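Before I ask anything, let me first share the structure, which is written out below as structure tokens.
Labels run A, B, C and D following the written order; every chain starts at residue 1.
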Amino acid sequence: MKLHEYQSKLIFAKYGIPIPKGRVAATAQEARHIAEELGGRVVIKSQVLVGGRGKAGGIKLAKNPEEAEQLATQILEMEIKSLPVRKVLVDEAAAIESEIYFSITNDRAKKKPVMIASSAGGIEIEEVAAQTPEKIIQIHIDPLLGLRDYQARDLAASIDLPRDHWKEFGRIAQALWQIYHETDATLAEINPLVITKEKKLLALDGKMIIDDNALFRHPDLAEMRDLDEEAPEETTARKYGLSYIKLDGNIGCMVNGAGLAMTSMDIVKLFGGEPANFLDIGGGASHEKVAAAMRIILSDPNVRAILLNIFGGITRCDEVARGILAAMDEVKPKIPMVVRLVGTNAEEGRKLLADAKMITAETLADAAKKAVAAVGKTASTRIPVMQESVVPVGAPPAKNHQKNRSVR
Amino acid sequence: MKLHEYQSKLIFAKYGIPIPKGRVAATAQEARHIAEELGGRVVIKSQVLVGGRGKAGGIKLAKNPEEAEQLATQILEMEIKSLPVRKVLVDEAAAIESEIYFSITNDRAKKKPVMIASSAGGIEIEEVAAQTPEKIIQIHIDPLLGLRDYQARDLAASIDLPRDHWKEFGRIAQALWQIYHETDATLAEINPLVITKEKKLLALDGKMIIDDNALFRHPDLAEMRDLDEEAPEETTARKYGLSYIKLDGNIGCMVNGAGLAMTSMDIVKLFGGEPANFLDIGGGASHEKVAAAMRIILSDPNVRAILLNIFGGITRCDEVARGILAAMDEVKPKIPMVVRLVGTNAEEGRKLLADAKMITAETLADAAKKAVAAVGKTASTRIPVMQESVVPVGAPPAKNHQKNRSVR
Amino acid sequence: MSILVNRNTRVLVQGITGNEGLFHSEQMIQYGTQVAAGVTPGKGGEWVLGGKIPVFDSVKLAMEATGVNTSVIFVPARFAADAMFEATDAGIPLIVCITEGVPVQDMMQVRNYLDQKKVRLVGPNCPGLLTPGESKVGIIPGNIASAGNIGVVSRSGTLTYEVLYALALAGMGASTCVGIGGDPINGTNFIDVLELFEHDPQTEKIVLIGEIGGTDEDRAAEYIAANLTKPVVAFIAGQTAPPGKRMGHAGAIIEGSAGTAADKIKALESAGVKIAKHPEEIPLLLK
Amino acid sequence: MSILVNRNTRVLVQGITGNEGLFHSEQMIQYGTQVAAGVTPGKGGEWVLGGKIPVFDSVKLAMEATGVNTSVIFVPARFAADAMFEATDAGIPLIVCITEGVPVQDMMQVRNYLDQKKVRLVGPNCPGLLTPGESKVGIIPGNIASAGNIGVVSRSGTLTYEVLYALALAGMGASTCVGIGGDPINGTNFIDVLELFEHDPQTEKIVLIGEIGGTDEDRAAEYIAANLTKPVVAFIAGQTAPPGKRMGHAGAIIEGSAGTAADKIKALESAGVKIAKHPEEIPLLLK
């Protein structure tokens, strides 16, 4: 779960990392009030959960409260990568002397947290990493021991941080480690961490991602989730423990297991079709879950056929079959459905579905071919079931919305 | 540093360990007020930093506020093992079904924290350990990993705790671990942890000892030190970084290093004398420290001679010599002083002392013999220098006060 | 022969009284696996599955009483790390964690601790192990695979079943199938299993099933090129998946642009591995 | 021959710019020890002791530049654990920590971590090591000891000097003197050093100096009885000390009534060790 910049920085401040004075605003008037309180120049920063805000014009400097209001109005009317801006952060402008990149994240290859820093901080850091990797320093942290002070010092020395700042950098590093560890973050990033003209360290921007699997122990963080920032069908999917990502094709896929779901998509494509989504119903899917999954797939108006591929293991095919029947009973889809059930209780599942009007398949390739063929044949428009009840007014058009999401 | 029961229990409560309702009182009237607030029967418990309070009559049950006042008056007039009672804890009386012993401490042989529990809790636990050691369960904790939940469960199972209490016991165990770890305790003990008639777990008594070496990171705990509970000369000694323990003999000893200090005492005894104290001036003793040490030794009216044995390593003999001269200048002791200096800068040290009226010695045995002989000769009474300024009015007689202290 | 599990494997089921634990314990027993005991704290002394399997309060007690040598974990995600620590400290040499959704920082601690203790972990978030005809430890449906000479190793769950099924339909069997799980931090990896297969006389050919994300397949490719004499066929899922979610700049720095199916396929091909376009093509490439 | 340190020992001083670090670095150099570098974070690039010894910001940098093989730590107690972790992670095989007052929970973490990494620690709160005529690593005054065939191991600080001095006055010399320190949790213990002396050809006889508290001397006695062929003379300090502070009931449970000088002397005597009544008696018992 991604946190907004302003949420991340509030957490930073709680752990003692210095951040600029500032507050979040939902309206231009609020932004003006904050600018008045702060006095002097302020930065107006769009709060959206995508990168590249600056390049898109979502970050502006205002010389006075009037200009702050003006710019906030502009920014609050923007869409950045299809995401409408709903909030701006109004921060005191800092006098920057130099910019440092600093983060802690997981290194899956080394099975350890890694602390990353560079003297070449700022928005071009990825280019720095690609062009001059020697400017990026990585220090791994023993997960049982935690960050040692000497490691923070080594990092400071390695990025040639002036010695006057070592102690403060050490405190910030320990705070960032505590944040990373105590919030179950998979990323805690400060970019840039600036040295100001007043020779202070200041976290100008912050980004945090929390491990979804660990949210059960962080109810306070779970509440920070910004539902405005994700597609409504993804919200519904999460509620039911499903994993759903919308794509641009017309064959809806419902599969158990991420690997098999991806494989099903791959085969649809291999035989000339286009998958409309990734949808993993997970292990041990109950029939409520299956029904929810079907409603989500059908909420996409592009879908012309559904491919159901269930290989029973933890998931029992009879339970899935019951879910399919319940969902069909409720939503009465008018498009072709290709079903393939194999594995645990497959026989019982197939029996349950015997009377429903469905296309059955034996192998995965066979199922994909039949789904592709079905789309070719069907020309009937169908009622976009559930869509009205799922998509709130003012939500972004679903189509391009989550293009850069992935299955992992 | 030992904490009082009431201090320990306040820490317990902060970490979520259930304790009886109650508060500490310094007067009988206060005790009555607390008893009135609590209603019902209360327990009046003397707060002194020694064991065996119960057997000494320092813990009493009161049926009503009047009786609470009466008993508090009695207890506040007591001395327990020479320590006057200055405070009582007034706790709601619990209806006890059974008593558990539960603690976390250091196991120096295994180099790990150890969690200890027994179903035979209460004041006889040491006897249980001696007579029926199989009733005492020990589980070691990996200091890098911390207490695992399964270990708390194993402990609960091993002491045959009824299953209904396992979850609560697990929470208490994790809390006690956090307390032990976060306060740098060397002991965090609940004895007894009771199961009440209402089937709740309740920490009826608590004891904590904090690692003196770690107090630098716990200023809040360091403030909890009860100076009333230690000999004033020990307070002074700690202030100067000295380690001092009063004994019953008449030869004052001032030595650098605990092992050598004990050895000096042993040799004094071997040659027929009686050491008046253990005093380790530590490594790298400055002359202020040495002067303070001498004043502390001379504050004991029994002292008839002083044995100074300094073997220079980190400690430099010339610096010690300067300390001796400064102290002599100030306190002008009238008793014989036997001095032996060897090691780092011993030559310079001896030169500095050449003009002072002192008995010098080459070997440790020689020094001890001379000190014993000097006591035999001296009959002069001496002015008990510093004593008035060091010992506050109302302090306990120093003599028997700290009999059961040791050098480690 | 086979690897990791065989007819002598004596299994402990941690979380045996839960829905999944109970269902799959029964499936394992039906398959012929020696399920010797279960653990559910607070339920020690009970017997489950028709009174055949004793339940203990702790792994230690279960081990003392029944001498198990493998543990399979079905406990909920929030208790999974503790279950792995418990099994490790009790001295179980092989732990198979089926549970999905274990927090990644828990897994980093577990993995680092287990490495110290030289314990082998398979999973978490994995389907477990199957040596057809001998033993099944986990949730792989037993009826879809037959014994043979193909070693199967997979990061995936149900996709693994798909492959076993395709092999069986083609008249081929598996020596052992190892589902290593797809979590970012797990125990046994591709290389560990490839090494075991290379030294297993029964295994003649190997199937490797990978996914997008991470660099495990790339490192497996290097290992294959340098150490393996037995032929390997691979399938990589996720060729049509959109590019991965980036973990901020840090993810880009740590993992670079690696992790796409195309990259992995390229790496494996240069190691001499044949790549299947879809699972049902695997048996053809094995011939 | 000798144990642990000799003329090839190249020493790094952690905390070299502090008072104690600087003073004792000079003493070590004067003794002939190869002091190759120092570390004080934030002072890298400086030179100390007449411009002869370079100071680095970290142990890693110092090691890369100077190839030290032993580190001696003089940093304040609150930084000592970090210094030991740093030296360990940098790959220093022998760490000698002079610092006293290190919190005991810090030491439990350090000790458990170092054991994983197979690093040898001497101390903390110890006087260090001396191989007379070759190398001194720590704070033992060099001029009080001469080279010889007596191995000395001690939990004490200045008491160790007393013993070395008594040996020298009696015309005896030490092969190596090891001060293991008296803290409740430390690195190298009596048994480790006894084993090294047993296998050191130069060492013919051994002196063991113990104290009240703990059970290290008792375990050393068992080890001596079972494994040692060389004669051992011991002195135990604290015969007149009052009984130890008890760590509540827990202390009594963990350590029982053990730890008195009388107990330790009894244990050592039954292992065939001669007990000196005071340090100056040791040379007589060695004859």
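Going forward, contacts are C-beta pairs under 8 Å (C-beta built on N, C-alpha and C of every residue); 3 or more make two chains touch, one makes a residue touch a chain.
Computed from a prediction, not measured in an experiment: that's the story for all the values here.
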Exercise. Taking a step as a move to a touching chain, how many steps at least join chain A to chain C?
Worked result: 1
Seminar exercise, completed: By C-beta contact count, A-D versus B-D, the higher one is B-D
Exercise. If you average the Cα atoms per chain, which one ends up farthest from chain C?
Worked result: B
Exercise. When the C-alpha atoms of chain C and chain D are each averaged to a single point, how far apart are the two points in Å?
Worked result: 48
For this session: Could you tell me the distance, in whole angstrom, between the mean C-alpha positions of chain B and chain D?
Result: 28
Problem set entry | For chain A paired with chain B, centre-to-centre distance based on mean C-alpha positions, whole Å | 56
For this session: Could you check chain D for residues that touch two or more other chains and list them?
Result: 109, 113
For this session: For chain B, jot down the residues that touch at least 2 other chains.
Result: 142, 144-145
For this session: Take each protein chain as a node, join two nodes whenever their chains touch, and name the resulting shape: line, ring, star, complete or other.
Result: other
Exercise. Which chains touch, pair by pair?
Worked result: A-B, A-C, A-D, B-C, B-D
Problem set entry | Residue ranges of chain D touching chain A (in the complex, touch as defined) | 41-42, 44, 57-61, 79, 82-83, 85-86, 89, 109, 113
Exercise. Once bound in the complex, which stretches of chain A touch chain C?
Worked result: 51, 101, 103-109, 111-114, 116, 125-126, 129-130, 136, 138, 142-144, 181, 184, 186-187, 189, 191, 207, 209, 211, 213-214, 216-217, 245, 247, 255-260, 262-263, 265-270, 275, 278, 282-284, 311-315, 342-344, 363-365, 403-408
For this session: Give every residue of chain B touching chain A within the complex, in rising order.
Result: 144-145
Exercise. Which residues, counting only chain B, touch chain C once they are in their complex?
Worked result: 142, 145, 148-150, 153-154, 157, 163, 166
Exercise. Within the complex, which stretch of chain D touches chain B?
Worked result: 19-20, 24, 27, 77-78, 98, 100-106, 108-109, 111-113, 127, 139-141, 144, 154-162, 165-166, 169, 182, 184-185, 209, 211-215, 219, 235, 237-256, 277-280
